[in-house]
Amino acid sequence: MRNLGKNRLEGFSDGVVAIIITIMVLELKVPHDTTLDGLLRLTPVFLSYVLSFVVVAILWANHHHLVHTVERANGRVLWLNNHLLFWLSLVPFTTAYMGENHLAPLPVALYGLVMFFSGVAFDLLRREIAQDSGADPALAQVHRRSNWSNALAAALYLASAPLAWVSVWISVAIFVLVPLIYFMPGQTIEKLALQGSR
Amino acid sequence: MRNLGKNRLEGFSDGVVAIIITIMVLELKVPHDTTLDGLLRLTPVFLSYVLSFVVVAILWANHHHLVHTVERANGRVLWLNNHLLFWLSLVPFTTAYMGENHLAPLPVALYGLVMFFSGVAFDLLRREIAQDSGADPALAQVHRRSNWSNALAAALYLASAPLAWVSVWISVAIFVLVPLIYFMPGQTIEKLALQGSR
Amino acid sequence: MRNLGKNRLEGFSDGVVAIIITIMVLELKVPHDTTLDGLLRLTPVFLSYVLSFVVVAILWANHHHLVHTVERANGRVLWLNNHLLFWLSLVPFTTAYMGENHLAPLPVALYGLVMFFSGVAFDLLRREIAQDSGADPALAQVHRRSNWSNALAAALYLASAPLAWVSVWISVAIFVLVPLIYFMPGQTIEKLALQGSR
Amino acid sequence: MRNLGKNRLEGFSDGVVAIIITIMVLELKVPHDTTLDGLLRLTPVFLSYVLSFVVVAILWANHHHLVHTVERANGRVLWLNNHLLFWLSLVPFTTAYMGENHLAPLPVALYGLVMFFSGVAFDLLRREIAQDSGADPALAQVHRRSNWSNALAAALYLASAPLAWVSVWISVAIFVLVPLIYFMPGQTIEKLALQGSR
């Protein structure tokens, strides 16, 4: 019965994330001008898409590793997960808003803010799951390290919002940098997960 | 064989609900005006989205808890579930209709009506499933309590439709209030479900 | 290993059908006219949606019952299933084409043709699966009855296309009638399936 | 625990592919001209859709057979899979771009390029998975044959891009031809997979 609940949490999350990723690509509006110039005009929208694809895919992969360690999906886990999906569901909007307005400060700041809230939502979910698995010392250490790296990522995303009015390029640099930080802990949880499955 | 049928029912429902939620966000049309005013003009559409996201997520969570208690997915359960999905599939339309027309009475009333029918459809499914699990006394009590809370929620949603012509704010107050009622029984079923899995 | 292959066939089909159903609702374009007249102008589009929802849901339920009886998903089953999904994927287009053009003959005929091909595709899949399960006499009888009812349904859908130029109402009567025929065999397979699981 | 990880990889991939396929059909914009001429004007968009449906369905079927042979979904497999989904997510765009611009050279070349990168991404995933299953001699032989056929397919897709400026019909001939090459190895893996499951 526990596994079933967990499977549905995963299935629903996978569904929402799969749709979020593919909906973002709908913003690549087909040009009826078949010159190279007409195609290249899509570059900012395309690069915004690539950036968001990578961030959402990283979050999904980390979500995958995290839920691996869940014993059972209780009501709190369910709702913290829905909370995460809510913020992620705004990513197609902020991606298009940033891409179609050639990096104006407000869209860039909003993109950073939604990423900040997505990161915080992911971390709240992670902390709830961490509490349940407090007994495992190796896992506890991974979570301690995640506390730091997620706090850093959240701080950077939060800073990216006001910094967009200094220079949008600082914010964009943060958007490119943060995924790399997020990338690490998942790998470590994965190693533990694989050890655990042996 | 039973589990397989149940898994597909869950998988299909999760798919439809995941798409409903992400389709609603498409109504947040990207503004090409990058001022704060241009962004704030999306507020009613955004708040409608938040409201519907919460209601649909609650229904999904309750669906999750309810189907936990199903022994096997027979033809009636299948079709009562499709009936529920039909009404839920209209939620993106009524959400956008209400959000884009600044709370005019007719869209508000239609939103209330579709929620009323979704609630009724959920309750019909719940009653069918309750019949099968009549033996379990603890579960029977949860269902008795659901009879009352769901009837109250349905009555409020039904009332919200004509009340929209008195004042749309009464209807909106109902839309915010009802989710809280729905929220309770699921939690209780969940506790039973977890006890059952021990 | 067999179950896994079958699970993915089911999961993929559920995904495509879930999206088809929810995409159809996108054709209900939100009116910016909040009078009852403005809303009622959507009636033909709405009724087309209801009709297609019912047909696709019936096909999905029958698919559900049919794949229950599959032992393993071989290459032929996989491709006959993709072939079915191809025709179903055209249903949102034909539904909108019929609904938005107030039952003009050509859209009605095309709707009938796509339903004809969907029915044929379903029957080809059913026959392939029937061959594998030839040993079970009770199942063989269900399939013999399906041979007749599916042939009848296909013949009616095929006839609906030219008849649209006589009167679109004959075709529409066929569209309403045929789902009822399809509805029966699934129920019977289901009963067998449930017996089998005891 | 291993199976769970693999199931989510499959579920997420199935979700993305299901949405890609159904999103492509949205490019079939409903004509409000109900003459046969009005309908036939959709022919190039429709044929582009059929072509992409077949290619994506073949990739999905081969993906299905390939992941059958995976022991566990490690981080590399996860990311090579996301990389494949990224390129596939661009297919709806290139399909519409080619279909709506009546086979102009640039859209045809871009279609070929995205197919080239999708093929390369699939092959990178296949090679990673092949490494893990190096011990099985029969499977190793299938992979050796795939090395050749995938390299040929990739070379043809790459060639189709510049050839679009010689004649788009050469490129289109390649687009029709390549799926047939891809089709074979999957069948062979499937046979092994079924033998393995006996």
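As written, the chains take the letters A, B, C and D, and residue 1 is the first residue of each chain.
Everything below uses one rule, namely that a residue touches a chain if its C-beta (ideal position, glycine included) is under 8 Å from a C-beta of that chain, and two chains touch if they have at least 3 such contacts.
In this text, all values refer to a predicted model and were calculated from it rather than measured experimentally.
Enquirer: Tell me whether chain A and chain B, two copies of the same sequence, contact each other through the same residue numbers or different ones, using over half shared as the line for same.
Expert: Shared-number fraction below one half, so different.
Enquirer: Between 0 and 180 degrees and rounded to the nearest 5, what angle rotates chain C's CA atoms onto those of chain D?
Expert: 90
Enquirer: Calculate how many whole Å lie between the centre of chain B and the centre of chain C, each centre taken as the average of the chain's C-alpha atoms.
Expert: It comes to 26 Å between the two C-alpha centres.
Enquirer: Averaging only over C-alpha atoms, locate the centres of chain B and chain D and give their separation in whole Å.
Expert: That pair's centroid distance is 37 Å.
Enquirer: By the touch rule stated above, which residues of chain D touch at least two different other chains?
Expert: 7, 11, 15, 18-19
Enquirer: Which of the residues in chain C end up touching chain D in this complex?
Expert: 1-2, 4-5, 7-8, 11-12, 15-16, 18-20, 23, 27, 72, 74-75, 78-79, 82, 85-86, 89-90, 92-93, 96-97, 100-101, 104-107, 110
Enquirer: Can you list the chain C residues touching chain B in their complex?
Expert: Interface residues on the chain C side: 7, 10-11, 14-15, 17-19, 21-22, 25-26, 28, 30-32, 34-36, 39, 50, 53, 57, 60-61, 64, 68, 186-187, 190, 193-194, 196-197.
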